[in-house]
Amino acid sequence: MNRRSFLTWGTAGMATLGSAMAVSFGAVLRFMTPSVFYEPPQTFKVGKPADYAYGAPTFLADEKIFVFRERDKGFSVASAVCTHLGCTVNFFQSDDHFHCPCHGSIFAEDGKVIHGPAPKPLNWFEVTLARDGQLLVDKDKIVPASYRLMV
Amino acid sequence: MNLIREIWQSIVRRDPLSTDKGKSELVFLNVWLHIHPAKVKKEHLKFRYTFYLGFITFFLFIVLVTTGIALMCYYRPYPPVAYQDMKDLQFVVFLGPFLRAMHRWAAHGMVICVFLHMCRVFYTGSYKKPRQFNWVVGVILLLLTLGLSFTGYLLPWDQLAYWAITVGTNIGSYAPLVGGQLKLLLLGGHTVGEAALIRFYVLHVAVLPSLVILLTIVHFWRIRKDGGLSRPPWKLNTNKPEALVTIGATPETAPLKTVNASTDKTYGLMEVVTGKPIFETVTPEEEEDTVFSYPYAFFREAIALMVTVTGIMAVSLLFHAPLEAMANPAKTPNPAKAPWYFLGLQELVSHSALLGGVVAPALMVLALLAIPYFDRNPSRRPSDRKWAIWLFTIFVVVNLVLIIIGTFFRGPGWAFVPPWVHVVAGAE
Amino acid sequence: MGRRLPQIFFALSMLAMVLIVAAVWQASTPSWKTYQHKFLQMEAQGEPNAVTKAAVLATPPEVHQILLPGLQRVDRCTTCHQGVEDPTMKDAPEPFRYHAGLGPHIPSKFGCTICHGGQGLATDVKDAHGNVPFWQTPLLPADYVRASCGRCHKEGDIPGVPELTEGRRLFETEGCRGCHKLNGVGGSIGPDLTEEGASQRSPAWLEHHFLAPNVVSPGSAMPNFHFTREQARELTYYMLSLTNQQMGAYYASVALIPSPKYGRQLFVEKDCLVCHSIGGVGAKVGPDLLGVTKRHSAEWLDEQLVNPQLVYPGSTMPEFDMEASARKALIAFLATATAEDAKEIVSGKGRLPTPEDAAIAAGEADFGRFGCAGCHGTTLQGGVPNPNAQGGEVPSLLHLSSDYTKDEVIEIIRNGRVPPLANTAGPQPPLYMPAWKNLLSNEDIQQIVEFLWSKQQKSQGGW
């Protein structure tokens, strides 16, 4: 083979091969990204508004959320996952605080950190009314603690 | 710029590739490439001599390892979910069907290529001294390849898998004395079930691939140590007198010793202890016969690799891997067939379980292993090896015919049914 | 070839590039994305302003799935059928239409395939609807979807699906089990029907088969029972509902609608009044059952029905082989039962049943359930053709008592009998009396014989 054609075609070939490998790399990343999840979905329905009592929040263990219903204010949904290291917090009606069993973090009713080591307040999730009249929680959408859904 | 050059040179410590020294250093300063000699004989690069079957087999193995690792991310070896995971690969995993098809077709391809590679080595007489042991390693690699394919066959946990493995392991259980124990060890129970699936999985993704990698290293190493590839039979010229070479000849000193030139040229400096030359005197004729591995050999190997990979990709784009109904131990398909490469065996077993299932395959494997030690004929030229070639051809043809009969001519109840006759199997 | 190597290398690189792009393109354009896009466009039309419209249209495409561990299913139907739970989509074209009238069977708890069939895991139209090789349960035609109610509601009457109740009754009384096994009980002349609902046979095939077995599967040993079209349809419903899949606890707990009506039917069938009374009406062998549900908990009563010996060692109450949901129905009836009910039952039977009546009734039930009726007929008339047997057909059982003693008949049932040949040189007749001793207890056989004797007609003519 002559040197010129070797260099031209060889380089062109390597370049094409390089881009093909780049595409494959992207494809592999896409392959590794799960398309479906075998875990509780991030967006889910939690029943009709009428199912919830006023006052103390309802804890949904599978979804790890607290559903608050306040008279004249409406619905709000708090995450039950401690912002420190991911343990599930409990709501104590005695002092209206969230207590984390793992490292003693305490959160106020609006989610603010009262006592460390948690670095930031509890998350609040968007809750809307689905077309079939059920409450729809979206864990992918974080909202301020003041967020309320009026029904 | 200097820094970049410095970094580059710290990675590749060779001269530019435009120089012969650079071309040599590319090979022997690189851990991956130094399995090659710096220069190779032109005759070894000829497609019509090796058909690059060994390389293609190796590349298929690489395709299998890569796609296999990818598939492992989405596969759980537990019966209630294994089949569902296959469906997920088919329906929701991005590129899932494509990668599974690549794995499947490459596996079939590897079984075929290993076999063809073995045929090539036999017909060119390349297993003869000093390459006897490498042939044995090759036969073991063939068996390991079959083992890999067989263990992988169960993993989709569909009817095809379940019953092929049920039939396959029962063939093995006919072995006298050890048969029952062998089956128990392989299945971790008396029938194909949860225990069998996890065992097959461990064999398929850990044990057998490790063995294949270890033996492949030995196989490649022995090629170099046995003097590179064998010469093509058409280059053998027995009329040529033994060439003499001198050892230790420098312009100033007298040669240490004059010996017969080795016909299988090696490059091992350490072989001075074996009495072979330190500096081989390269004749002008030999100089013309060899080329630098870079780029001549590497280019061809790269092309073989790409033909292999693109071929598998093209097939996988067009044909998806089969997936039948979920395994149902209560429902035997009629006929239940082993994987195609064992259908020759199953055909034999249908005539006699002990003879066909144990004696014949055991003899076949022993015969294959013993070939280089049994065949004392030193000549590698086909005209001197008529008997050997006839015998081996009969062996190949009988195997093929049995597999073809088992695959295409056996219908429900293992009755002889030509493929062009359509049979309605039972009430199903 | 050597001179062209760089060109070949380049060509192969191009080929590799093309193949990879083709594979990625193939993987990136599944058909469900088209449906999701169409649905989003429909939804966007309903939005009031451009901002919300854009927000709806920007929803990323993704596979939706309902995880149903209790049913061992994952249903991805809602990936395309997105309007199933959206009442505003009630007039939308398929695949987007709202599913009305689901009652308690909400998609998030039940998914779709448990009723409709099809392949829940699949995400393209053809595979998902399941009419593909190697998928056992293709989508059921709309007319037959209600048959699936029987997959969970295995007993009792199912409101709204009389076909299923009737099909089940036909199966148990027409002697189908003489040839077919169902859940381990029955003969082995015909195929096992335990998983018939997952056999990939279409409703049309089944229905046709019941009407003319030999036309649909030539050479079939199944006799033509001369079913009516309605009966064929009812049996088809029942066949489609047959599955041995275990439903999770959540589903099993509501498997039967434990109606007192069905409980009452069981109360009559099992002849409870032979021993018990309600409010003084009935026999006095066992305790009176008026208000029994107030005296004992439901669990206690359930245990009593399963294993009386465990509750009261030495109890003379027989073990009734009833499924959990049937026991629930019976207890539901007992909670409402009054002396009036007992009176009605007694007057329905004409008189207070005696233990003999109970034995005969049990014998009659077994006669139908174990398939005797398949050959000997529901009225013992016999008459199923049996070539080369003496008489050419299965004998009538209406005149047994003139030829045999009870003990002789018991022996024949226990050990079976090959009918004597009409022509000794001819072939064996296809039908014969199987041996039942491994399947029926001596008590069962005794009861069947009692039933047979209760139906004997006086020998005509005679000497």
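Think of it as A, B and C in the order they're written, each chain with its own count starting at 1.
Everything below uses one rule, namely that contacts are C-beta pairs under 8 Å (C-beta built on N, C-alpha and C of every residue); 3 or more make two chains touch, one makes a residue touch a chain.
From a predicted model like this one, the values you see are computed outputs, not experimental measurements.
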Report task. Could you let me know which interface, A-C or A-B, is made of more C-beta pairs in contact? Result -> A-C
Requested in this report: Name the chain with the Cα centroid closest to the overall protein Cα centroid.
Outcome: C
Query raised in the report: From chain B, which chain is the farthest off, judged by mean CA positions?
Result: C
Query raised in the report: Roughly how far is chain B from chain C, going centre to centre by Cα mean, in whole Å?
Result: 53
Query raised in the report: Distance from the CA centroid of chain A to that of chain B, rounded to the nearest Å?
Result: 49
**Report entry** Rounded Å distance between chain A and chain C, as computed from the means of their C-alpha atoms
**Finding:** 43
Report summary line: Among all residues of chain A, those touching at least two other chains are 6, 10, 17, 27, 30, 35-36
**Report entry** Multi-chain contact sites of chain B, meaning residues that touch two or more partners
**Finding:** 88, 92, 94-96, 299, 306
Report task. Among the residues of chain C, pick out those that touch two or more other chains and give their numbers. Result -> 2, 5-6, 9, 12-13, 16, 20, 23-24, 27, 63, 76
Requested in this report: Note which residues of chain B are touching chain A in the complex, please.
Outcome: 70, 73, 88, 92-96, 99, 295, 299, 306
**Report entry** chain A residues within the chain C interface of the complex
**Finding:** 1-2, 5-6, 8-10, 12-14, 16-17, 19-20, 23-24, 26-27, 30, 35-36, 38, 45, 130-132
**Report entry** chain B - residues contacting chain C, complex
**Finding:** 47, 80, 84, 87-88, 90-92, 94-98, 158-159, 296, 299-300, 302-303, 306-307, 309-310, 313-314, 316-317, 323-325, 427
**Report entry** chain A-facing residues of chain C, complex
**Finding:** 2-7, 9-10, 12-14, 16-17, 20-21, 23-24, 27, 62-63, 65, 67, 76, 85-88, 108
Query raised in the report: Can you name the residues of chain C that touch chain B in the complex?
Result: 1-2, 5-6, 8-9, 12-13, 15-16, 19-20, 22-24, 26-28, 63, 72, 74, 76, 119, 121-124, 127, 133-136, 191, 217, 220
